[in-house]
Amino acid sequence: MFNEEFQLDAPIRWGMVGGGRGSEIGYSHRAAAQRDRLFTFVAAALDLDAERGRDFGTKLGLAPERCYPDYKTLFTEEAKREDGIQAVSIATPNSTHYEIAKAALEAGLHVICEKPATIHVEDALELKALAEKQNKMLAVMYGYTGFQMVHQAREMVRRGDIGAVRVIQMSFAHGFHNTEIEKNSPGAKWRMNPEVSGPSFIIGDCGTHPFYMAGMITGLKVKSLMCSRQSFIESRAPLEDNAHVVFQFEGGAVGTLWASAINSGSMHQQKVRIVGEKASLEWWDEYPNQLRYEVQGEPVRILERGMGYLHNDDPGVSANRQGGGHAEGFFESWANLYHRYALAIDAYNRNDKAFLESHWYPDIDGGIDGVKMVNACVKSADNGAVWVDYD
Amino acid sequence: MFNEEFQLDAPIRWGMVGGGRGSEIGYSHRAAAQRDRLFTFVAAALDLDAERGRDFGTKLGLAPERCYPDYKTLFTEEAKREDGIQAVSIATPNSTHYEIAKAALEAGLHVICEKPATIHVEDALELKALAEKQNKMLAVMYGYTGFQMVHQAREMVRRGDIGAVRVIQMSFAHGFHNTEIEKNSPGAKWRMNPEVSGPSFIIGDCGTHPFYMAGMITGLKVKSLMCSRQSFIESRAPLEDNAHVVFQFEGGAVGTLWASAINSGSMHQQKVRIVGEKASLEWWDEYPNQLRYEVQGEPVRILERGMGYLHNDDPGVSANRQGGGHAEGFFESWANLYHRYALAIDAYNRNDKAFLESHWYPDIDGGIDGVKMVNACVKSADNGAVWVDYD
Amino acid sequence: MFNEEFQLDAPIRWGMVGGGRGSEIGYSHRAAAQRDRLFTFVAAALDLDAERGRDFGTKLGLAPERCYPDYKTLFTEEAKREDGIQAVSIATPNSTHYEIAKAALEAGLHVICEKPATIHVEDALELKALAEKQNKMLAVMYGYTGFQMVHQAREMVRRGDIGAVRVIQMSFAHGFHNTEIEKNSPGAKWRMNPEVSGPSFIIGDCGTHPFYMAGMITGLKVKSLMCSRQSFIESRAPLEDNAHVVFQFEGGAVGTLWASAINSGSMHQQKVRIVGEKASLEWWDEYPNQLRYEVQGEPVRILERGMGYLHNDDPGVSANRQGGGHAEGFFESWANLYHRYALAIDAYNRNDKAFLESHWYPDIDGGIDGVKMVNACVKSADNGAVWVDYD
Amino acid sequence: MFNEEFQLDAPIRWGMVGGGRGSEIGYSHRAAAQRDRLFTFVAAALDLDAERGRDFGTKLGLAPERCYPDYKTLFTEEAKREDGIQAVSIATPNSTHYEIAKAALEAGLHVICEKPATIHVEDALELKALAEKQNKMLAVMYGYTGFQMVHQAREMVRRGDIGAVRVIQMSFAHGFHNTEIEKNSPGAKWRMNPEVSGPSFIIGDCGTHPFYMAGMITGLKVKSLMCSRQSFIESRAPLEDNAHVVFQFEGGAVGTLWASAINSGSMHQQKVRIVGEKASLEWWDEYPNQLRYEVQGEPVRILERGMGYLHNDDPGVSANRQGGGHAEGFFESWANLYHRYALAIDAYNRNDKAFLESHWYPDIDGGIDGVKMVNACVKSADNGAVWVDYD
């Protein structure tokens, strides 16, 4: 069970590079970092456009003077403050990760870097060495690996529930780029540009997710691989919008990865299937609360988050923020409602009746209706399950 | 698209009654209220045990002097402060909602009350009148109605996409109480006690959710109903752990509701199916990102959150915190990871190597592996899709 | 395992009343009866239009003189023959079942009668007494109860796998009559006519199926019931196109049945869910090879036809015509192909090249392609998983 | 709609080689061939053990003298008869297909051959030439291609509903051989023997099915391929029990095939996904009545067999033996019931009361119960939806 009370002596003073206005990934970092009051967002270089970055940062609650024009200034100026940032998240295009992460580590900061860590392997290795030297955390944001059922899968493999791993089938194949949408989408455009994105589009952008997850679950290392890649939208060449990879893992397991941006009609299809001697596990990010456990010769089992039959002594498995049965998205629904409450309260405070008339939230009328329904049910049932008028 | 920048002139100063240590619902209120920086949690009466309430409140970041022993003191003392609370959420057992909500409104507070609003209809009506007199918001926490696809269903009904509504099938039927678990669960026990819970257990506890949602989606009003209820665990009588309700709605529609706590093996089964002249809609809370749209004579369509084909001019539909394809629980995964980052950073700061050795998070090794994989893929593909060694 | 060798000393000489040209149900009877060579179709009164009945019967392989104008003649004339029919299936509108079944039994025939057996209970009881007196089989065609997974459910209940039954949820709710289609469909029209169909449309037509199945699975008897029915297409009154029934079973179990013809967009939704003290079972006729088994506190299990973990000592469970994994519809695919083979052979015999050119079946080109693919795969794999040209 | 009346001038006189006692595939051929009265089973060489073959054949209704000891005798002797066979199905181990098919064609027979057609490509080409010379049909039994929704997919591709094909993902990956089950299963053992099975186990046995189907649906031809294969059960080497194939198709499309016998816990996973420029199609043999149609930017559609929105002018699509909504397996349920009726009738005829007491079939008691239920419902509903006693 998630422990809401847990707190550090003081929250970690935290900043961001990138993730400016309009960035979905920026919002995700901020929402996640501040969720448990373990990080405080105090400074940032959010945007290449310094003015826009400052405007956006202050809207997010930063002091204007801590909205910096670039990451160098951010790191330099914050280093001068006693209350300067201790950690930074990097949410910029791929090709810039290396230099920013390097500068951050050199500035004595803990670093959370969007994936891919870098474009070149040697750069990533250099960052690792630097982090070790600086004794600082260097994390890479593989955002799907926090799901509890992924940790359950990992624990099951560790404990031998499926036997030795034989085959790993991986996919992350969506259809959102089946036409040349980058012509009108700046957020998509840089991902097709090798100078910014690196030598790969969809393998790096999507394929790395299930690849990392499969490694995390099984612990297996790749021995060799073969990749076929294509660009069905010609202007994307030399980068690929579709790729098939075949893997040989050390120890004899094999596998494949399908990474695609042109899988028309698919939402994500991020799936990892681990085939073991005795059983298989399959997880699908579109339905993250479930894990299929298929023991040969037994009925398929659908494992659900939050249940007592899981390997709950693993903290990744038992990190329930809400009981089983509730889909994890539950909190988004609640947050959406509280957002509406805030708007309503503000309108009441401003006596803005026009707003209130067109603004929906679950109000007392629904409450009254619920009480009436319960009471009518009781009356009906306790009189022999007879019909009763509602009003 | 959710607008992260949006802020009130100042966040609403907000408190809670109930929802103390160990309460899942308390955490849900706090997590949701603070998600968008529209509420600040500043005061509370969290627990009947004042000492425990203060201890818990301070752990959650409240000033000790604003952790009050009871709701009366909370309202009285906060009213004396210039920075006193403006709104309060009530997360106490059912039978206390009326008096607390009444006191809160009388104290000039906006109120968010857990469902059911009250035990007696007249009490709820009185609260409504009082809220109107005080010009304050009185909301009831039907927490599932913030899901975007529920709003999509509502919009579709409004626009006539399914024609006139004929049948409404509702259920919330889980299996978690198929044995007498309340013997060992205080959180369950009060729900079986008519003096605290009111005249109904499962109709009130669960049945009201799909009932409210169906009303919200269709706008239909109940004309009459018939209810049959039972307690399969005898000690729960006179309250019920299973109930079937048949409805007649004004205008000719009909429907049923199955509320159950003894539906063995079921997680939630909270489903609402709206049958119209032309088409049906079906939503299931365990898979909240999807909405089934079944036009007679056409293939069933599975609508997904975040997509352009939805009725996105409705703000409830378009309130995307993340793009389509991502399950809403995505944020829980990210928050879990940031939680792990905080622990790692703290351990680095304390130089706690033992902790770091046993503490998993996606670190630079995963980043390096990802870069290696991408580069090996590119090398393989660009040499004719040949096998390449990984290291 | 289904035993293809099993034969009676001689096949049963079998006839039909009703089920003439255009009747889906007639074809189902004939296809099923003749499947295992246990029945031979030798005589019939297929149609109220005697000429059309004779024409159709001879097309189905009957001797012209054994295509009778009506059931009375059928029974009388066949009784005179040494090789006359021994059994008859009745597939006529509901209101005629009684008199035909009675005449058949009086003529010394075994009877398989479409459901409902009769319109009036006393008529059905009379038929039962008559069958007993005549020592003849009197079966009622509840066609879904032959599915193996339904028998598995029955065995599981019998053996106590789910504990005592508490709740039975039943539905058969399709959408094919959400508009007044009977205006153009004679096959639908008589079902709305109380003089032919009896006092109910959809409860009798569809609701009886899951009702019978639930009784077969659980053995429970109804104590009392309550029914609300409506006709959303007004011209169908006094018959109903939608109904909700609430049941009290002897011994304390309860349940509901939803029967509907106006459930827009639904194919069948014939579902039976049996909730027991310990576990629930759920079967859905649209996916008949699977049975959900939900033990409280354990992961949901999906049981599949043909597997060793089933209660295979029950012959209804183990009646596999094909191994597990194959959907039961497998035979339809094969039969469709053999149908195409027959047409192709016939065209070859007639040297009808034009027909052959436009007629698809899996021919030797597909066979060659398959062999080529296998050989190319072997060549590739055995040379180090290298690329090989296909031709 | 399937036309039950359709008949050839005379049924095709048909025989079999192989498919003897205990062969599932043999039963499938016989059940499918005789389904529509287009073939009559009159002669066979069913078994290498001539005596057993004769015994089995006569049980299946063959005249003893037409149960031959081997295929040569079968072809020779039948050729002497005026009523000799016109067509033969070959259901023997792979390595024998060539010689038997050759002999059959030379004997002037139409041939339906189990897949793979042959072991060597040149043999298959020779058979093709021979069939053309003899002007005889030479079909290969790809048994899954008779499903209506597969034909719907083919029509949709043809008509451009998905645009140009880009990617084809194929799999047939079950788990039934995840241990060395062939030690105790003769039916499995020969498939692992290269002398009988040819150079491949699972690619040939299973992989050819989705490969053929994908070719049939799209019309695409393979340009080159790469295959990696393994044997996780060592004794199976040099044959493989797992293989991954990557394809380049002519015209630029790509694809993969996963064939496996060690995919623990999987039933079949025979899936074909066709990704087009605009939309994707996906079919899964375990749920053959459904076809997913995923247009980019629109909700996923689930197409169902038997519906008016399909491309019903294609006879493969519209070959409905039963209306939409009914799963195809419906006929198995009916056939199982008629089987039980036959047993009951036989027992009545023999006056075997002991048998009848333990033999279940839907009898008149179920019929009476159904009538009672309907009448009780009508009584309840017509009196204001009140409770009525059942008896």
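Going by the order they are written in, the chains are A, B, C and D; count residues from 1 in each one.
Rule of thumb we're sticking to: a residue touches a chain if its C-beta (ideal position, glycine included) is under 8 Å from a C-beta of that chain, and two chains touch if they have at least 3 such contacts.
All values reported here derive from a predicted model rather than from experimental measurement.
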Most distant chain from chain B by Cα centroid: D
A-B compared against A-C, more contacting pairs: A-B
Centre-to-centre distance between chain B and chain A (centres being mean Cα positions), rounded to whole Å: 20
Rounded Å distance between chain B and chain C, as computed from the means of their C-alpha atoms: 44
Euclidean distance of C-alpha centroids - chain A vs chain C, Å: 48
For chain B, residues contacting two or more additional chains: 176, 226, 228, 246, 293, 298, 300, 304, 385-387
Contact footprint of chain B on chain C as seen in their complex: 162-163, 166-167, 169, 175-176, 178-179, 226, 228, 230, 232, 242, 244, 246, 248, 252, 254, 256, 258, 260, 262-266, 275-280, 293-296, 298, 300, 384-387
Contact footprint of chain A on chain C as seen in their complex: 226, 246, 293, 297-304, 307-309, 385
